[in-house]
Amino acid sequence: MDIHEYQAKVLLRKAGIPVPPGEVAETPAEAEAIAKKLGGTVVVKAQVHAGGRGKAGGVQLAKTAAEARDHTSKILGMEIKGLVVQSVLVTHAEEIATEAYLGVLVDRKLQAPLFMASPAGGIDIEEVARSTPEKLRKLRVDPRYGLLPHQAYWIADFLYDDPDQIKQGAHIAERLWRVFIDAGASMVEINPLITTPSGEVKAIDAKLSVDDNELFRHLEIADMRDTTAEPPAEMLAREANLSYVKLDGTVGCCVNGAGLAMATMDLVSFYGGEPANFLDIGGSSNPDKVVTALEIITADANVKVILFNIFGGITRCDDVAKGIIEAMQRIDIKVPIVIRLTGTNEDAALEILKEAGCAAYTSMDDVVKKAVDLAGAA
Amino acid sequence: MDIHEYQAKVLLRKAGIPVPPGEVAETPAEAEAIAKKLGGTVVVKAQVHAGGRGKAGGVQLAKTAAEARDHTSKILGMEIKGLVVQSVLVTHAEEIATEAYLGVLVDRKLQAPLFMASPAGGIDIEEVARSTPEKLRKLRVDPRYGLLPHQAYWIADFLYDDPDQIKQGAHIAERLWRVFIDAGASMVEINPLITTPSGEVKAIDAKLSVDDNELFRHLEIADMRDTTAEPPAEMLAREANLSYVKLDGTVGCCVNGAGLAMATMDLVSFYGGEPANFLDIGGSSNPDKVVTALEIITADANVKVILFNIFGGITRCDDVAKGIIEAMQRIDIKVPIVIRLTGTNEDAALEILKEAGCAAYTSMDDVVKKAVDLAGAA
Amino acid sequence: MAIFIDENTRLVVQGITGRDGSFHTTQMIDYGTQVVAGVTPGKSGQSFAGPKGEKVPIFNSMDAAVAATSANTSVIYVPPAFAAGAIMEAADAGIRLIVAITEGVPVLDMARVHAFARDKGARVLGPNCPGLISPGKCKVGILPGQIVTQGPVGVISRSGTLTYEAVYHLTNAEIGQTTCVGIGGDPLIGTTFVDCLEAFARDPETKAVVMIGEIGGTDEQEAASYVREHVRLPVVGFIAGQTAPPDRRMGHAGAIISGSAGTAVEKMAAFEAAGIQVAKRPAEIAELVAAELDR
Amino acid sequence: MAIFIDENTRLVVQGITGRDGSFHTTQMIDYGTQVVAGVTPGKSGQSFAGPKGEKVPIFNSMDAAVAATSANTSVIYVPPAFAAGAIMEAADAGIRLIVAITEGVPVLDMARVHAFARDKGARVLGPNCPGLISPGKCKVGILPGQIVTQGPVGVISRSGTLTYEAVYHLTNAEIGQTTCVGIGGDPLIGTTFVDCLEAFARDPETKAVVMIGEIGGTDEQEAASYVREHVRLPVVGFIAGQTAPPDRRMGHAGAIISGSAGTAVEKMAAFEAAGIQVAKRPAEIAELVAAELDR
């Protein structure tokens, strides 16, 4: 789960990392009031879970409170990478001498958290890693010991020459590590971490993603979820414990298992179609889940055909077939449905589907070809 | 540093360990008020840093608030193992079905914290270890991982048969571990950890010692120090950064280095005398420290002679000699002083002492014999 | 022969009295797995009834279960909040192979767990994995026993049902398996493609290996390098997620293209560069394996 | 020969610009120790001036110091709150022997530090120790160089000035030392009597060992068992604290009789049972050693 910049900054500030003062606003009037309170030049920043806000015009400098209000009215409602801006952060504008990057994420290969630092801040760290890897210092943090004091120093020593700035940087690295652990984060970054002309080190922008599996332990962070920031269909799916990702195609996919769901999407593409979504309905044959899945898929106006691809392993195919039919009876579906069921008790399942008048297949290739045909014909 | 039972219980309660309600009182009236508030039968418990409070009459059951007041007036001012009782804990009296022991300390040999549990609670755990070692379960806690959930369960499983009590016990063990770590403790114990007839597990008595070296990190615990609970001379020594322990003999010892100080005491005893104290003045030649040391030693009315035993290693003997003479000039000392100085620049040191009219020695055996003689003659 | 589990596997089920734990215990016993014990705190002394009236003793702790039964393997069906603790308990009790089925274990828990398991010399499979099966010998986890058959192919996969799909085609083509291993869909998994490849390469009965990967991470790329340098067996690969968009999690916690890293394209290229035959469709996997075995 | 340090020791001083650090660095250089670097964060590029104008380069970190100088040993003079971090930094930088002089290090810090040092394969001496000296070769720490002389006796002690006392008598009796090691007065120390005995037993030039113990813990008892089973050299022992009361800390954090455990009496009995000659007075130590060497 991603949280907004302003929320991440609250966590950093609480942990003792210097962050310029600022507050979130949901209306131009609020933004004006905050700008007045802060005084001086402020920055108005769109709060959306997307990169490239600056390029999209979602970050604006305002020399007066009135200017902050005007920028805010333009930014609110703006669409950035498909997400509508609902709030802005109004924050004190800092003079910048240098920009660095500081971040922690969980590294799969190392099976441990990885600290990363670069004196080339302000740009995407992946870009730094690709084009100037010598400007990136990486450190595996042993989960048994956490970030040790000399490691924090070693990271900061890579960013700064001035002893006082190294000290500030090491302190920030130690605090950032605490934020990472205490939030149950999968990623946290400060980019840029600036120095001011007078030598103060400060966090100007921050990102934090929390491991969804940790949320039960961090209720105060779970509460930060901004449901307006995610598409309604995905929120619905999450609440029903379904994994759903919307895509731009026309073949609605409903599959049991994430790997098979991806393979199904790929096969749709292989046969010339375009998948409308990723959707994993999991291992159960519960009709309620299928109903929700169908509701989510059919809410997407692009969908021209619905494709079920079910491999019955532990879950028996006949149970799944019954569940699908019950679900289909409970909601009204306007597009054709094709179903593939294979595995345990597949014969009984096919019988059930045929009786109900459904197009039933046992081969994944056959059903995908049929779905692509139907989508093309529609 | 030891803290009182009532203070330890505050920490346990904060950590989520069930502790019967109770408060500390410094007057009989306060005790009566607390007893009234608690209602029912209460226990009045002397708050001193000494074991054997029960045997000494420092723990009394009171069925009424008036009784609580009366017991408190008797217990306050009572002397237990040389310590005067200044306060009592008035706490709800629990019905007891079983008594167990739960504790953590730092084990030297294992270089790690050691958890200990015994179903034979209410008695000294050392006694259990000696007489019924099969009733003691020990667990080394890996400092890299802390107490793991299954280890907490394993400990509780040794104490109880009832699944619900095991669960409560495991929870208490996990919380006790947190208290231990968060307080920077060298030892924490709950003894007894009782079960009530209805099956609730509760901490009835608690002890906690904090590693003095951790106090700088735990100021809220450092504030719990009860200066009335330690002899004034030891408090004075602690504040001057001297290690001092009062003993019952007549030969006041002033030595540089803890090992040499112990060896000096032993040699006094070997030659038939009795040391009045352990005192390590450390490695400096600072006259202020020597003044404080002499003040502490001479405040002990038993002292009949003062014995300096200084080995000059890095610190030069002549510097130390000057410091001693300056200190002697600054305070008035009624008992004879004998001085041994050996090591770097010892000749110059002896010269200085002789000029000042001091009895000076280079052999430790000689000076100790002389001191014992003088103590015997006095 | 087989890898990791076989007729000598003595299994403890952690969380045996839960819904999933009890269901799959029955399935495993049915398949012939020696389930020697179950663990559920507070239920010591009770026993679990197998499909043919077998009685599996239940213990409060792994420690007690291992002491009483000399178990060497465990499988974990406990809820996510307790899974890390259960794995460490198993490792501490001397279990050599710990199969963690549980989905949704916090990733920072797993970082600690993997360090702990390494310290104890235990192998963790998973978490968030379907387990593994050595056809005709032993099954540990939730893989359906009826779709596998004994034979010469080792299967390694990050996914559940996609593996069934692949194995089903193999079995229908009368190509059996030595062992099918589901390594799991989480970002931090205990046993990787490389670990399995190493084991299959040492197994004299395994004549070919199937690797079913997906987007996210670089485990497939490392496997490709390993194959190129160390594996003489023919290897057939498949990668799911060619149509997955970047920065979106595709069901599995680990199935995410981070920026431009972890794409299906780069993984397929790595496979091909290492001489691994790459199937375009799941059904093609069996065809390619058949061709390799026929050589 | 000598143990732990000799002419090949290349020393880094951690906290070289502090009051104690700079004083003792001068003393060590004066004695002939190869002090190759100092570390004080923020002072990289500066240098420390030795007694004869030697220039010891200062670095910001151990990492940089070791990379530049191939140091193999470090000594720590930093304040207690930073000592644990400094030891771990040294271990992480590949230092093999870390001598921690600092007194007052939190004991739970040391529990973590000792685990870390073990993981890294580094030896920690101390903390709260005077260091060690191999007469005529090298001194690391704060032991006064002028009281030692080269010869056949290994000395191990938990105490500082009491060791000087014992060594002084040896030197006056013209009995020199291979190495004198102060293992420290804290409860959790990195190098024990047994570790030193093992090293002395392997050192061909050491012909006798002196062990100076004190109340608290059971390190002396374990040393006694080790001597009985593994050491053929004559060993002379002394225990300080016969007159110490129970449950009171005698200066050293580790010098405390807990209940009835850790008394001088039991330690002396353990020594005697292991055939270790026990001196009644410090001065007797040299007499007993002389007698043993004359045999």
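For reference, chains read A, B, C and D in written order, and residue numbers begin at 1 within each chain.
Keep in mind that, in the parts below, a residue touches a chain if its C-beta (ideal position, glycine included) is under 8 Å from a C-beta of that chain, and two chains touch if they have at least 3 such contacts.
Since this is a predicted model, take the numbers as computed values, not measurements.
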(request) Go through the assembly and pull out the chains touching chain A as well as chain C. (result) B
(message) So, comparing C-alpha centroids, which chain is the farthest one from chain D?
(response) A
(message) Going by the touch criterion at the top, tell me which pair is linked by more C-beta contacts: B-D or A-D.
(response) B-D
(request) Take the average of all CA coordinates in chain B, do the same for chain D, and state the distance between these two points in whole angstrom. (result) 28
(request) Between chain B and chain C, tell me the centre distance in angstrom, where each centre is the average of that chain's C-alpha atoms. (result) 55
(request) Provide the C-alpha centroid distance between chain C and chain D, rounded to the nearest whole angstrom. (result) 51
(request) Give me the residues of chain C that touch two or more other chains. (result) 112
(request) Going through chain A residue by residue, note those that touch at least 2 other chains and give them in order. (result) 144-145
(message) Can you tell me, using the touch rule above, whether these chains form a line, ring, star, complete graph or other shape?
(response) other
(request) Let me know each pair of chains that touch one another. (result) A-B, A-C, A-D, B-C, B-D
(message) So in the complex, the part of chain C that touches chain B is made up of which residues?
(response) 41-43, 60-63, 82, 85-86, 88-89, 92, 112, 116
(request) Would you pull the chain B residues touching chain A in the complex into a rising list? (result) 144-145
(request) Name, in rising order, each residue of chain A that touches chain C in their complex. (result) 106, 108-109, 111-113, 124, 126, 142-144, 181, 184, 186, 211-214, 216-217, 243, 245, 247, 255-263, 265-270, 275, 278, 280, 311-314, 342-344, 363-365
(message) Applying the document's contact rule, which stretches of chain B touch chain C when the two form their complex?
(response) 145, 148-151, 153-154, 157, 163-164, 166-167
(message) Quick check: in the complex, which residue numbers of chain D touch chain B?
(response) 23-24, 27, 80-81, 104-108, 110-112, 114-115, 142-144, 146-147, 157-165, 168, 185, 187-188, 212, 214-219, 222, 238, 240-245, 248-255, 258-261, 264, 280-283
